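Order of writing sets the chain letters: A, B, C, D, E and F. Residues in each chain are counted from 1.
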Amino acid sequence: MPRVDLPLDQLLEYRCTTPEPDDLDEFWTTTLAENDHPLDVVLSRVDTGLTLVETYDVTFAGYGGAPIKAWLHLPAGHQGRLPVVVQFHGYSGGRGLPQQMAPWPLAGWAHLTVDTRGQGWSQGGVDPTPDPDAAAASSHYPGSMTSGVESPQTYFYRRVYTDAVRALQVAASLEQVDPDRVLVTGGSQGGAITIAAAGLAPKAGVRLAGAMPDVPFLCDFRRSLEIASAGPYPEIEAYLKGWRGRGEQVLNTLNYFDNVHLARRAECPTLFSVALLDTVCPPSTVYAAYAEWRAEKEIAVYEYNGHEGGQAYQQARQLGWARARLG
Amino acid sequence: MPRVDLPLDQLLEYRCTTPEPDDLDEFWTTTLAENDHPLDVVLSRVDTGLTLVETYDVTFAGYGGAPIKAWLHLPAGHQGRLPVVVQFHGYSGGRGLPQQMAPWPLAGWAHLTVDTRGQGWSQGGVDPTPDPDAAAASSHYPGSMTSGVESPQTYFYRRVYTDAVRALQVAASLEQVDPDRVLVTGGSQGGAITIAAAGLAPKAGVRLAGAMPDVPFLCDFRRSLEIASAGPYPEIEAYLKGWRGRGEQVLNTLNYFDNVHLARRAECPTLFSVALLDTVCPPSTVYAAYAEWRAEKEIAVYEYNGHEGGQAYQQARQLGWARARLG
Amino acid sequence: MPRVDLPLDQLLEYRCTTPEPDDLDEFWTTTLAENDHPLDVVLSRVDTGLTLVETYDVTFAGYGGAPIKAWLHLPAGHQGRLPVVVQFHGYSGGRGLPQQMAPWPLAGWAHLTVDTRGQGWSQGGVDPTPDPDAAAASSHYPGSMTSGVESPQTYFYRRVYTDAVRALQVAASLEQVDPDRVLVTGGSQGGAITIAAAGLAPKAGVRLAGAMPDVPFLCDFRRSLEIASAGPYPEIEAYLKGWRGRGEQVLNTLNYFDNVHLARRAECPTLFSVALLDTVCPPSTVYAAYAEWRAEKEIAVYEYNGHEGGQAYQQARQLGWARARLG
Amino acid sequence: MPRVDLPLDQLLEYRCTTPEPDDLDEFWTTTLAENDHPLDVVLSRVDTGLTLVETYDVTFAGYGGAPIKAWLHLPAGHQGRLPVVVQFHGYSGGRGLPQQMAPWPLAGWAHLTVDTRGQGWSQGGVDPTPDPDAAAASSHYPGSMTSGVESPQTYFYRRVYTDAVRALQVAASLEQVDPDRVLVTGGSQGGAITIAAAGLAPKAGVRLAGAMPDVPFLCDFRRSLEIASAGPYPEIEAYLKGWRGRGEQVLNTLNYFDNVHLARRAECPTLFSVALLDTVCPPSTVYAAYAEWRAEKEIAVYEYNGHEGGQAYQQARQLGWARARLG
Amino acid sequence: MPRVDLPLDQLLEYRCTTPEPDDLDEFWTTTLAENDHPLDVVLSRVDTGLTLVETYDVTFAGYGGAPIKAWLHLPAGHQGRLPVVVQFHGYSGGRGLPQQMAPWPLAGWAHLTVDTRGQGWSQGGVDPTPDPDAAAASSHYPGSMTSGVESPQTYFYRRVYTDAVRALQVAASLEQVDPDRVLVTGGSQGGAITIAAAGLAPKAGVRLAGAMPDVPFLCDFRRSLEIASAGPYPEIEAYLKGWRGRGEQVLNTLNYFDNVHLARRAECPTLFSVALLDTVCPPSTVYAAYAEWRAEKEIAVYEYNGHEGGQAYQQARQLGWARARLG
Amino acid sequence: MPRVDLPLDQLLEYRCTTPEPDDLDEFWTTTLAENDHPLDVVLSRVDTGLTLVETYDVTFAGYGGAPIKAWLHLPAGHQGRLPVVVQFHGYSGGRGLPQQMAPWPLAGWAHLTVDTRGQGWSQGGVDPTPDPDAAAASSHYPGSMTSGVESPQTYFYRRVYTDAVRALQVAASLEQVDPDRVLVTGGSQGGAITIAAAGLAPKAGVRLAGAMPDVPFLCDFRRSLEIASAGPYPEIEAYLKGWRGRGEQVLNTLNYFDNVHLARRAECPTLFSVALLDTVCPPSTVYAAYAEWRAEKEIAVYEYNGHEGGQAYQQARQLGWARARLG
C-alpha cells in the first residue's frame, strides 16, 4: 500500500516545528485553578454478573462542575491499596456498559474507565455524559473537533483535558487505590488525553507511575491536517472550508491543545505505540510527540497496521510494561 | 438508475400510516405559548455593493429568547408595503453572506432569509446563529438530527420550528411589508421548515399567502429511515446503532415533528416539488406530506433528478406561481 | 438506510424452502464415525500476566486427526467442576493471543476458545491451526468458502464442523469441567459453528446446556447468496462466476452444511441474536434457522445494527441467560 | 450478491409492455431507402504477421455515405465461397488492430469485424471511424447515447443500425463469401446491433443464416433506465437530469430503436446469451427481446455473471451452434 | 486531508517550464483573421418575471459563423452606457435559464453570460448551442477535451476561444454598453476562457478593463495531467489510454491552448482565485498562469477549499474589485 | 491522474538496492535438483471446432511430481519442428478453455499455455490444477501470495517457478518442436514467471530464444509493497497486519523469489513492457528487473496505461519481435 507518511528512518528524526504558545503554562495553570472545586466523587455498586470483578458506577465533578461518568472495576476480594489504571477513550466512544472489561482488573489492579463529555454515540451504554458548557452551543461542524474552536478558552478539549486531570485526582483519592501507583492509558483520542493528562498532572499535583498512549490523536495539528485522510482531523478542514479565512485563528486555538507541547511537560515513564499505515493519526505526528517526552520512554512500532495499531499484541506488551512498574 | 422508491403511479396513492400523537396540537400550542415573548427585531443596514437591492442584518428573539439572524433584502427605492418571501435553508446551510441573492427581491418583493440555529457550517458567512439551549448539551450523534431526541420537549426541531413561526411574525411585522402577502419557501430542511411554519402559522395568528416547499425533509420518518441512503436521516440510525433499544422512544419524539402531520394543519395554497431519484428526501415521503395538504395545491415532479430537484427550473416555476398570488 | 431484507413482521414468518438432503443424517453420522479417534488433548500452562485467570494452551485431534489449537481459561483458584463456555470464531479470526479475554471466566466459569483450521489471519496470535487435509489443495476462489466445495465429502466445513463437535467433547472431558453444564457460543461463522455443533452434538453423545449463536452465518444458502452484499458469501458467487455451470453442484454441497437443517436437530435451549441491517448474514436467513429450532428458544433483535449486532449489549444479555442456566 | 433484476422464473415470463411506434416499419423502410447508395467497398491487404489468416482493411459507404471501417479476416489459402461471421462491437470499442483475432477465421470462415462510427476510444487501433453527420453536432451529454436524441431522425443509432445493415450487404457481396451463410454476432452494444441488423435485414433483402447476440444492449428502454446502474444507459438519465422535462420526447425517440420491437421482425434462428447479475444490460430486458423472437431460438443463461457474460464458455457454445448451421 | 499539490511557499515560486509553440501568435492571429466575419448580433427581449432586470436572448456569429447563444441582463430603467461583465461557464454548464442571476446586474451593470458550444448538459435551459464544425465529428473520448485534439487546427478550444473573443466584441458593440468598461470573468473552464479571452483580446482590438478568472482550467497541461484526479483533465488520459502512442501529438496540440502562454499576452489588470485543495484545477497550474500575467494583478487564496473555491466570498471580493475599476 | 511512481527520467535510473540472498543460487540449484524427476508428459487431442489449429490437453509432472495442466496448440497441417511460445498466466487465471486462442499458433508456431497451480478461479475452464503440496495447508491470508511464506522452502512460488522451468523442458522435448526456438512470455504474474523461467533456465539446461514479460509482477518486493495499491501485493500486507512482527521473516522469504535477482541470471534476449500508471506492478519495480537483464533487451513503454498495459498494441509488437527471432 502506498505509504501514508515518511519512511521509518525519517520518522525517527522528524520534529514538529510549530512553537508553543508563549502563555501555554499560564493558560493551563489558570484553567486548572479555575476548576479546583471539590471532586464530589459518588460511587454506587453495580451488578454485572461477573463474579471475579467488583464494579462501581462513578460520578465526579469535571470542568465547570459538570458531572462526569466512569466505571471503577476492582478485583473481587481485593485487599490493601491497589495500583490503578485510568483509561480514556477514542473519539465517539466512552465507558460503555459495565460488562465491558479491559484486562487491567484481571491483573489484580483497579481500573477507572472514564467517559468523554458529549461523546459515547458509537457504543451506547448507560447514562451518557453531556457537555453542558455554554461554549458547546456555538455553531460548528458536526462532531467535537470544532466545538468552541474560536478561542482556547471555549475549545472543547479545554473541558476534556481538565476532566481528565480531575479523573486522575479521583483515581488517586480512592480508598482502594495506592496513589503512588497510578497509570494512565488510552488509544487514539484516549491516547491524546493520556498525554495531556500526563503533561498537566504535575500542575495538579498528581504524580503518575506511567503513561501508555496508543496511536495518539491531537499531536502536531498542522501536519496532521496535511496528512490525515480519515478520522476526525478532517472535521477541522470541513469547518474551514465553510468558514473561509479562519485558518490562523483556529490553528492558534489548537496550539494550546497540541500534545507535542504537553508531552514536553510529562514527568513519568511512557510506553507509546504507533502504526506506520495510520491515516487517522499519522505516524510522524505520533513521533513528534514522542520525541518531546523527556522521561524514560519506549515505543512499539506496528509497521503494517493502520489506526487499529497493535490491538491484543499491544495489550500484552502494556501488561508486561505495567507489571514491571506496578508489581 | 435503479429506482429509489415507488413508481410514480404508486407514489400518487401512497399515504403515511403512522397516526399523529394525541397531544400534537397541545404540544405545539404550549410550545408557541411558552415562546410568546416580544420579537425584539433589530435591523441594521449593510453595504453589499449591489445598488439595486437594499440589505439589512436582522436579529430577532427565537425560541427561549435566543437571538436568530437573518438578512432582509428589499428592492432599492421600494415604495409602499411589499409582498415578502421568507426563506429557510437546507441542513448545514444558513443565510450566508449578504451578497447571496435569491430572485425574490429582483421581482420587486421583500426577502427575509433566515438562519437555522446551530447550523451554517457549509456556507460560512457572518455571525452564525448558535443553539444555546440547555437541551443542546446532550450527548448525541454529530449533527442536528439527534440533538435532544430523547423527548419532544428537548428535540432540536422544537426550537427550529418555533424560530420559524417567529420569523413569519417578524416578516409580517416589518413596516416595509404587507402582512397579507407573506410567502414561505425553502428546499430540503428549508422545505421541512416551510411546511412546519405553514402548519403552525394558524396557531400563531399568522395568515400566509402561500408556501413553496421543495424536496422537503422531515416527512414520514419511519419510511424515510427505511429508504433514505444519503443526507441527514441516517444520523438517526447511527444514533440508534450505538444506543441500542431506544428506537421507539426516538420515533415517538420524531412523530411530533413529522410534516405529514403538520401539513394537515396548513391553510394556505402550496406549490411543492419532488424529485423521483431523491435518496435524501425519498419521493414517497414528500408525497405523504403533499397528500395531507388540504388547501389548494400543486406539485412539480422532476422525474430524473435527485435531491438537487428542479433548481433554476423550479425557481422559474415558483416565480410564476408567486406572481399569480402576490402581484 | 434502505432495508437489506424483509420487514420484521415478514421475517417472523419467513421459512427456508430448500429441502434437506435425504442422506443428511447418514452423511454426518458417517463423518463423525470416521473421525472417532482419541481426542489426544494436551494442555500446557501459559503465563498471561492476568492473575485472576489461569490459562492453558490446548491441542486436540480434530477431523482426520489434525491438531486443533485452543485456549482454556479458568478462574484462578477455582474449585470443583465448573460450567464451561466453548466459543468459536468469526471468519478469518481465531483464538488470537492468550491475553484476549471474553467475560466468561470472569463469571467464574471455564472458557474454551477454539481456532478454526486454516483461518486466523485477521488476528494473528500464536501458532495458527493449518488445514492439512488433502481436499484443501483444490483450486478454489481465495478464502475458505469454496475450499473443496466440489462435494460434501471434500468441503471445508465438513472438517470444521467435525472439529467443533470434538471441541465439545474435549470441553466435557476436562477434569475441571462439569460435563452437564456445557454451553456453546460464537458470532457470525462462530454462530454458524455453534448451531452446527448443537445440531450434531446428539450424534456424538454430547448433551449441551445451551447454545448462543450471534448473527449466525451459513444458514439458508440460496437466500443468503441472493441477499448478502458483504462478507464471505460472495466468495461462492466469485467461484461460480469463473467456473460457469457449477451452480447446482455447489448448492448441493452446501446443503449438507446449511444450519437451517442442523438447527432442526438441536436439543438444547438457545439464545439467538439477529441484526436487521446485517448485509453479511441477512436477517431472514438467521430467522430461517431460528424457526427450525425445536427446543426452548429466544432471540435478541437489533433493529438498527449491521453485522456487528449487539456487541456489549448482547454480551450482557448472554451473561444473564447463561447465569440462569449454569448458576 | 443482491439480485439486480427479477428471479429466473419471472424472467422467463417477463414481457415488455411498451407498444411499438405505429410508423416503425415506415421509419426504417424510409431510412434504408434513403441510404440505398452504392456500397463502395474498398479492400486492401494488411500484413499482420499471422500466416494462417489473410487480413484486409475494408471501407464501405454507410449511412449518409460516410466511410465505415472494418477488418476482413479469411483463412489463408481458402477456397470457394466461405461462410461469414459479421461482428459488431461493444460501446466504446471497435475493430481495433488487425492482429486482434476472434475464433471465426480459425474455424475456416470469413470474419468481418466492423467499427461503430464515433466510437473506438477504449481500444485505439488504426484510423477510427468518425460520425460526420450534421445531427452529431447537437449539444448532448458526453458519449453516444444522447447524440441527436431529440428525434428519431437525428438519433445516433439511426446511423449505426443503417451502417450495420449495410455491413451485412457488404459481407454478402464479397466474392470470397457464400451469401447464404451469413451470421451476425456481437456482445453488449454489438448484441444490440446484431438484433437490429437481424430485424432490419429482411427490409434490405438480406437473408441471414443466424444471429448470436450476447448480453444485448438497447432493449426495453423504459425498464433498462429503471434497472441499469452501470454502463451507458445512465447517460440518458444524466441528459434528462439537466434537460428537465424532455423525458417523453426522449423515450419516444428511443422507442424507434428498441430491440424488443426489432427482434419481432427477425426471421433467422438465434442464440442469445444473458447474465443474471448484469447491471449494464439487465436480464429482464434481454429476455424481453428474446421473448419476441419468432424464429428458432435458444438462450444461454449465466446465472452468476455480470455483464462479462459467458466469455470463452459462450464462444465455445457459439462455435458449436454456428458449425451446426454453417458446416 | 493529504495535500494535492505543492505547499503554499513553493506554489508562489512554481513556474511552468513548457516552452510555448514558436508559431503561437501566428496561429491565433490567423485563427482570428479567418473568423473576422460580421458579429450578426440579434437581441430579443425575454420576460423573466424579475422586474428589476431587463433580459435579452442574444445570438451572435462565432467561430466559422456558427450561432452562439447568450443572455444579456441590464438593470431595469438603466440610463447611459453601462459597464459590462462578460461571463463564461464551467465545463458542462452554460447560460442556463434567463432567471439565473449573477450579482452583476444588481450592481447596476450590464451582464452578458455566454454559452460554450456543444456543452450545457449539466444545466439544461433554453436552446443549447451546438458545435456544428466538421472537426467535431472525429472519434474521441466522450466529452469536449479530446474533440479534434489531433491538431491545433481542429481542436475544440480553438473554436471556443474564438467564440469568446467575439463575445467580447459583441459586448463592446452593444448600444447600452461603455466599450471602455468591459470586464471578463468565469470559473473553472470559464476561468480558462477568461484568461484566453484576455490574452487574445489585444489581437482583436478589444481593450479590457479587467479579468477575473476563478480556479481556472486549461493551464500548464503537462503538470495538470500529472496532478488532477477529478474533472475533465483525465479525459485526455482516457483518450491516450486507448490511442496508445499519441501522447506527444496531443501535448503539442494542447500547447496552443495553454493559458500559461495566453496569460503572458494579457494587458489588463486581473483578480485571480485559487483553491489549495483543488483536485480539478491543481493550484500549481493556476499559479503557473498567474505568474505570467504582466499587468497589475492580485490573487485570492482559499486554503481549505477544493474546486468550489471561494464561492460567495469570492463573489463579494470580485464586486469590490470591480467597483473600484468600473465605478 | 496523479502519478503512481517516479517520473520517466528517474525510472530509467532507478535500481533496486536490496541485496540478493547469499545462497540464492544454491537454493534454486537444490530446488531444481530435488525436482529432477521425469516429465511424464501426456498429450491427448481435443476437438475445439477450430479447424486451423490442432489442440492437445497436456499434463506433466511439476514440482513434487504434482500434475500440471496445459494446452498445446499447433497450426493444422504443420510440418517439421516448429518454434514454440510458452505462456504463463496472470494471478487468478490459467489456461482456461481450449478455444481461447493467443495469436502464436496463427503465426505458424506451437503454443504451450500453462496453468498456475492452485489458481484459475477467474476463468474457469477444464480440470483446474491443484496445489497438493503439504506447505499449501498453512494458515495464510486468502490468495496465493502468503501461502507458505514462512520460509523459502515452503513458499508458493517455489513450486510455481519450478513448474515453469519444467514447462520449458516439456516444450523443448516435444517432437513437434524445435528446441532451439523456444520463447517464453506472459503478463503480470505470467510476466513474473517468464522472468523467473528465463533466469532459472540455464540451471536446467534449457537454452531460450527469447523472453517477453509484460508488466511483470514479483519484482523488487520492498518497493512494490510501498507503492502498489491494487492487485495481489497488498495480500502480503494484509497477512502482516494480522501476524504482527513477521515483516522481516516474510521479506527474507520473498527475496528468494524476487525477479530483480532472477533477471540478472537470464541469458536470452528480452522484450519487456511497462505501464507508467500501473498500480498493481509499479513501473519502478519493472524497471528494476529490466535494469538487471544482461542480454540484449528492449522495453515498450505505455505512458498512459495502467496494469492493462499495451494489450493488442503489445501483441503486435511481440509478433514482430518474435518473427525476427523465430522466423
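Definition applied: a contact is a pair of C-beta atoms (placed from the backbone, for glycine too) under 8 Å apart; a residue touches a chain by one contact, two chains touch by 3 or more.
Everything quoted here is computed from the prediction, not taken from an experiment.
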Chain C and chain B - chains in contact with each: A, D
Target chain D, source chain B, minimum contact steps: 1
Interface residue identity across copies chain C, chain D - same or different by half: different
Chain pair, D-F or A-F, that carries the greater number of C-beta contacts: D-F
Chain whose mean Cα position lies farthest from chain F: B
Repeated interface matching B-C, over half of the contact pairs identical, chosen among D-F, B-D or C-F: B-D
Chain centre separation (chain E, chain F; CA means) in Å: 51
Centroid distance [mean C-alpha coordinates] between chain E and chain D, Å: 40
Chain B and chain F: spacing of chain centres that average the CA atoms, whole Å: 64
Two or more partner chains touched - positions in chain E: 123-124, 244, 313
Each pair of chains that touches, named by its two labels: A-B, A-C, A-E, A-F, B-C, B-D, B-E, C-D, C-F, D-E, D-F, E-F
Touch list for chain C against partner chain B, complex: 1-3, 277, 302-306, 310, 313
Chain B residues touching chain A - in the complex, by the definition given at the top: 117-124, 128-134, 136-144, 146, 238-239, 242-244
For the chain A and chain E complex, residues of the former touching the latter: 225-229, 234, 237, 240-241, 244-245, 247
Residue numbers on chain E that touch chain B, as the complex places them: 48-53, 75, 96-97, 99-101, 103, 105-108, 123-125, 311-313, 315-316, 319-320, 323
